[in-house]
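Two complexes are shown next, each including chain A; its partner changes from chain B in the first to chain C in the second.
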Partner chain A sequence: MSDTAATLTQDRQKLEMSALSAPAVIFTVGMIAFPVVYTIWLGFQNFSSTGKQSFAGLANYSKLVSDVEFWHGLWVTIALYVLSLVLQLVFGVWLALVLFHAKRLPGIVRSLFISPFMMPPVVAGMMWLVILDPSLGAANYILQSLGLPPSDWLASPTWVIPTVALIDSWQWTPYVALIVLGGLQSLPSSVYEAAQIDGASAFKTFQRITLPLLLPTIVTAAILRSVDLLRFFDIIYITTQGGPGNASNTLNIYGFRVGFEFFNIGYASALMLTLTAIVFGAVLAFNRLRGAVAW
Partner chain B sequence: MKARMLATYVALPVLAIAAVSVEAHAADFDWMKFKGKTVTFLANNNPVSQALLTYKADFEKLTGMTLKVDSYQEQQMRQRLVTVMNANSDEVDAFMTLPSREGEQFAASGWYADLTAMSKGAVAKEYDPGGLSQALLKAATFGGKLTSMPMNIEGPILYYRTDIFKKCGLEAPKTIKEVEAAAEKIKSCDSAVTPFVSRGLKPAVAYTFSNMLHNIGGSYIANGKSSLCSAKSKEALDTYSRLLRDFGPPGVVNYSFQQISALYRSGRAAMAFESSNELRTVMDGGARLKDTGLLPFPAGEAGQVPTTIGWGMAVSSHSKQPDAAWYFVQWATSPEVQKKMALQGIAPPRPSVANDPEYRKWIDEEPVRKEWQAALDVLATKGSSEVGYPIVANPQSREFIGQAVQDLILKQKSLDQACADADRELDALIAQK
Partner chain C sequence: MTDAITTDRWIRRLNLVQLVLAGVIIMAPTVWMVLSSFKPSFEVTAYPPTLIFTPTLDNYVELTKTTPFLSYALNSLIVTVGSTALGLLFGIPAAFAVSWTRISWPAILTLAARMAPGTLFLLPWYVMFRQVGLIGSYTALILSHAVITLPIVIWVLLPSFDGIPRSVFEAAQVDGCSVTRILWRIALPLVASGVAVSAILAFVFSWNYFLFALVLSNGETKTLIAAAFNFIGEGSTQWGALMAAASLIALPPLVLAALVQRWLVSGLTLGAVKG
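Coming up: the complex of A and B.
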């Protein structure tokens, strides 16, 4: 077969393969693109309380600027995000180190350590709602048994964000630990052997070797958790519905209420697209950081 | 709003006409007319629908139709409904609705099919639409159109512990002031129990607070403006929040019916102001069966104006088979089915069922049931369906009422500041068309 004929056959095969895979590709792209395009379109519409629709231009976005609830929601979202992420990364790394070094830990105990994140968030929310109930819950019973004053937990405007962050961290720290554990297991042993020969202490080894080498893995975990944390919804919806007052009203909760309780789908779409932009921004920032710490 | 004040069992002219014309059509009525069709019912998974759907097979046997049930929790049900209706979809034929909450909004959006003609036309002889609570039918009528048929009657009532009252030397409270005095005395007499509990969760507050507001003589709107800062409304805000702050459980700002029922049922609350629908939950396990008294919420300066609402069954305006859906609505709100539901503790919106010997026998079995029915009778005769602002944006108005109450419970604002902030937001809602 001449070269020209072989090239023509290859081109034909490529064309056939493209044609065969086209329906699946079009369907997948459509499934991803349609909701996004539709939400962008909704963001330019105005829906009255009675569902009547009209073109709003950028009115929904300009309304964001003067909406006190939006800025409050943004603050709550960021506060919850930062607090939860720090807790989950710190305790996730610690738990991973424990699991890595405690090689004789029975499998059942290891499974128990990582089980919370396998629980549906709604179940976790309901469980903590009962535990943290100021009157009937076990948390205050334990505090009082120890001679400590009871807390209002989720009912306190001051403590609601730390409490929600604790619940989320209880659930998702094991997930971070699993990722970090994978990273720990892939670290080169030669570096540790060299450190041991040089007489480095355990702390110095962790500070100068383990942590720098683990950073790309930790940043990956941070990216994965950032996407979830900035879209924080389920646990708050179950436990506080954004309260007390508006103390835990994240952007996602606020957008949900505007859309599905007050039926202002246009403004809710603008809110959610803004939140999506924030999530993208955080992911991009972490991606750059990952590039900087890669080894 | 006075126009919405219920005067149950006072016949509406429209329905009187309907009742007369029913006779003419009843003879031609055939339950099997839509045999083979499938009706989709969007249900709120609450005790009312749970009791109704116990008899789903009976409907299918009676009509030859298939009933497809799409059941969600209340909030998720509305979320699904909004999506379906905004898409002009015919996926839902019949759905449950709370006229006091979303009636104005759904009616203005054109989501309800007009049942006025249906309730006059294809009606079974035994249906008796005139026998349904006229007050609830009136509450479900918007712009002259009947939008849903009542499934039950309910409202907040006062559950109180007779044993604790006796121990503390108290009588059942007759006025709001006596409720507060009783709470004060219980606080010192039995420190192990919460003297008083009611709803503190922001979106849930309006249900119970409205009763307090109306009893004291306040109103939500005066001269087209929000009037939470009127003297009476301020008194209601102050009293409600003070009762919860000084005598309620810690964390009451997150309390809705689930927490209240759990607290009272466990024996840790002396008074609970909560829905009549919660009787079954509160009595679950039997611990409270013999030590509970029930009352409509005690009178204020304006007497007793209890909050009285009911779930309704509506037909979707986008349904492609509204007549078949109407058959389901008719069956679900028929005297026979409502009697069966009543025997499961769902208060009937029909006086004939409430007076039925079999139901009366069930009521007479326990003193607490007798008191429950007596309280419901007061709700039916004196009630108001005004829960939150009587405007299209009613659900949103409840948020601001709840916010004002929470601000006071948590002492985050003064009374004047809380009501002024709420009035400002509510005036903007009232101005929306």
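Coming up: the complex of A and C.
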């Protein structure tokens, strides 16, 4: 084959490759890239109650800075995020260790363990709504049988955030556990043997060897959960719609209501772009952390 | 020596206790939901809650009688199957091209949807779809849900395509096969199980997705998940029907996930962890 013929086939091949990814790229540009640019433009627009549209400059963003509801939403988002993430990482690592030492897990047991996060969050919200009902729910019955005071759970402004964090953690802790379990299974067994020969206790082995080696996997789990937790929507929308009052009004819920209940599309766009920046910021920060703990 | 063996046995017992404890916490709410759905109406709200009762299908009958549950289910099926098919149609060739050329930006681009809050897209979609009169249409719902399915298909299939030895392709190229032909005739049969896993995961996450249908559907095209909100509204005293609805909505994803549970982890982390 001559050189020109070879370049010709290579060019043709490049063209064919571009053609193969073209549908996905065009679709993504049309459904994501272009709409995001459009949202940025919408963020500079003002929509009156009659649907009239006018240029607003930075008005939506200056409104955001002085909007008490925005700062409250940011606080709710961060509180819910930190609480849920800590719960899920701590119990996820615990569950992973338990599963790891159980060695052979029959497929049916694995299926049961993944069932919470394979069901729709909306369904999780529905079932917990019934279980946590303040007057007739099973949760308060269990508390009372143990001699503990009942709680208003989702109906209490004080307890609604921990309660929602608990529901989400019930759903996603097994997911974190499965990721960490994958990390555990890929650890070299030689380091354990060395520790055993040195007579290190089980706790010391975990603290000094397992945990540091596992950190990159844990950070990966943290990234995947952060992305979902900072956009918290489904469970809250089903159970409290941001209530009682505005006690569980996360930024995502607030932005959704501003956009689709009050139809202030311009201000909602500014809110959602801010939330997106927060999500990307968190991912970048964790990514740097992952680089720092890699081995 | 015997001491070490007894300690070992105790550790194993302790581990089993923890495993059972975790299993009970994980399973109890779901079991309670399913049990409640079979309770006669006066027992669902009984306090103290009852565990022993005569099971009945009344709640399911009432659900289908008082709500258009079956037509919602059909809508869910149309949107989910449509968006899964679209995700596979666009995702399979893209994943193949990314794996072959090592040019990864198309795959990363589709991940953007996994990172940003859905409302960010929903606002401009709402404005755009309204202008072309597509609000409430299956088209709008399928397109929006394909944003969920496409990255799942691409990222689940990437490692599968990467796993095919390059010599297989090179041999085919020498024989004069075009790239497209290599994909459909040689590569695709080799990654058939990966395609199945990606299709099931795409189906599950499209089925479970709430936000888009909340705004883009109307009374006729409402999906089960978006309609769940209505069941709660009516059902403050009808817990039985509410739990029947919840059980039925959760059934398809749970059954499908059980089929592919072995391959789930690597698929769900979008390749971040090798499971």
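A few notes on this one:
Everything that follows uses one rule, which is that the second predicted complex is superposed on the first by the 259 of 295 C-alpha atoms of A that agree within 3 Å, B and C clash if a C-alpha of one lies under 4 Å from a C-alpha of the other, contacts with A are read in each partner's own complex, and residues count from 1 in each chain.
Rule of thumb we're sticking to: contacts are C-beta pairs under 8 Å (C-beta built on N, C-alpha and C of every residue); 3 or more make two chains touch, one makes a residue touch a chain.
Please read these numbers as outputs of a predicted model, since none were measured by experiment.
Annotation for the three-chain superposition on chain A: chain B and chain C clash. Look at A:Pro35: by the touch rule set out above, it reaches chain C but stays clear of chain B.
Looking at the shared chain after the overlay, A:Phe260 reaches both chain B and chain C.
Judged by the touch definition given at the top, the superposed model places A:Leu136 against both chain B and chain C. Contacts of A:Met17 after superposition on the shared chain: chain C is touched, whereas chain B is not. In the superposed pair of complexes, A:Gly245 makes contact with chain B only, with no contact to chain C. Shared-chain residue A:Asn46: touches no atom of chain B or chain C.
In the superposed model, A:Phe233 makes contact with chain C only, not with chain B.
Between chain B and chain C, C touches the greater number of residues of chain A.
Applying the stated contact rule after C-alpha superposition, one finds that A:Pro157 touches chain B and leaves chain C untouched.
Across the options 60-68, 222-230, 258-266 or 294-302, chain B meets chain C in a clash only at 258-266, per the superposition defined above. Within chain A, the residues touched by chain B in the first complex and by chain C in the second are 135-136, 260, 265. Interface of chain C with chain A (complex): residues 11-12, 15-16, 18-19, 22-23, 25-27, 29-30, 32-33, 36, 45, 47-49, 89-91, 93-94, 96-98, 100-101, 106, 109-110, 112-128, 143-144, 146-147, 150, 154, 178-180, 183, 204, 207-208, 210-211, 214-215, 225, 228-229, 231-232, 239, 242-243, 245-246, 249-250, 253-254, 257-258, 261-262, 264-266, 268-269, 272-275. Residues of chain A that touch chain C in their complex: 13-14, 16-21, 23-25, 27-29, 31-36, 38-39, 42, 94-95, 98-99, 101-102, 107-116, 118-124, 126-131, 135-136, 138, 141, 170, 174-175, 178-179, 181-183, 186, 202, 217, 220, 223-224, 227, 230-231, 233-234, 237-238, 252, 255-256, 259-260, 265, 268-269, 272-273, 275-276, 279-280, 283. Contacts from chain B toward chain A in the complex involve residues 75, 78-79, 82, 85-86, 105, 108-111, 194, 201-203, 249-254, 259, 262-263, 266, 268, 392-393, 395-396, 403, 406-407, 410, 412, 432-433.
For chain A in complex with chain B, the touching residues are 48-52, 133-136, 150, 152-157, 239-246, 260-263, 265.
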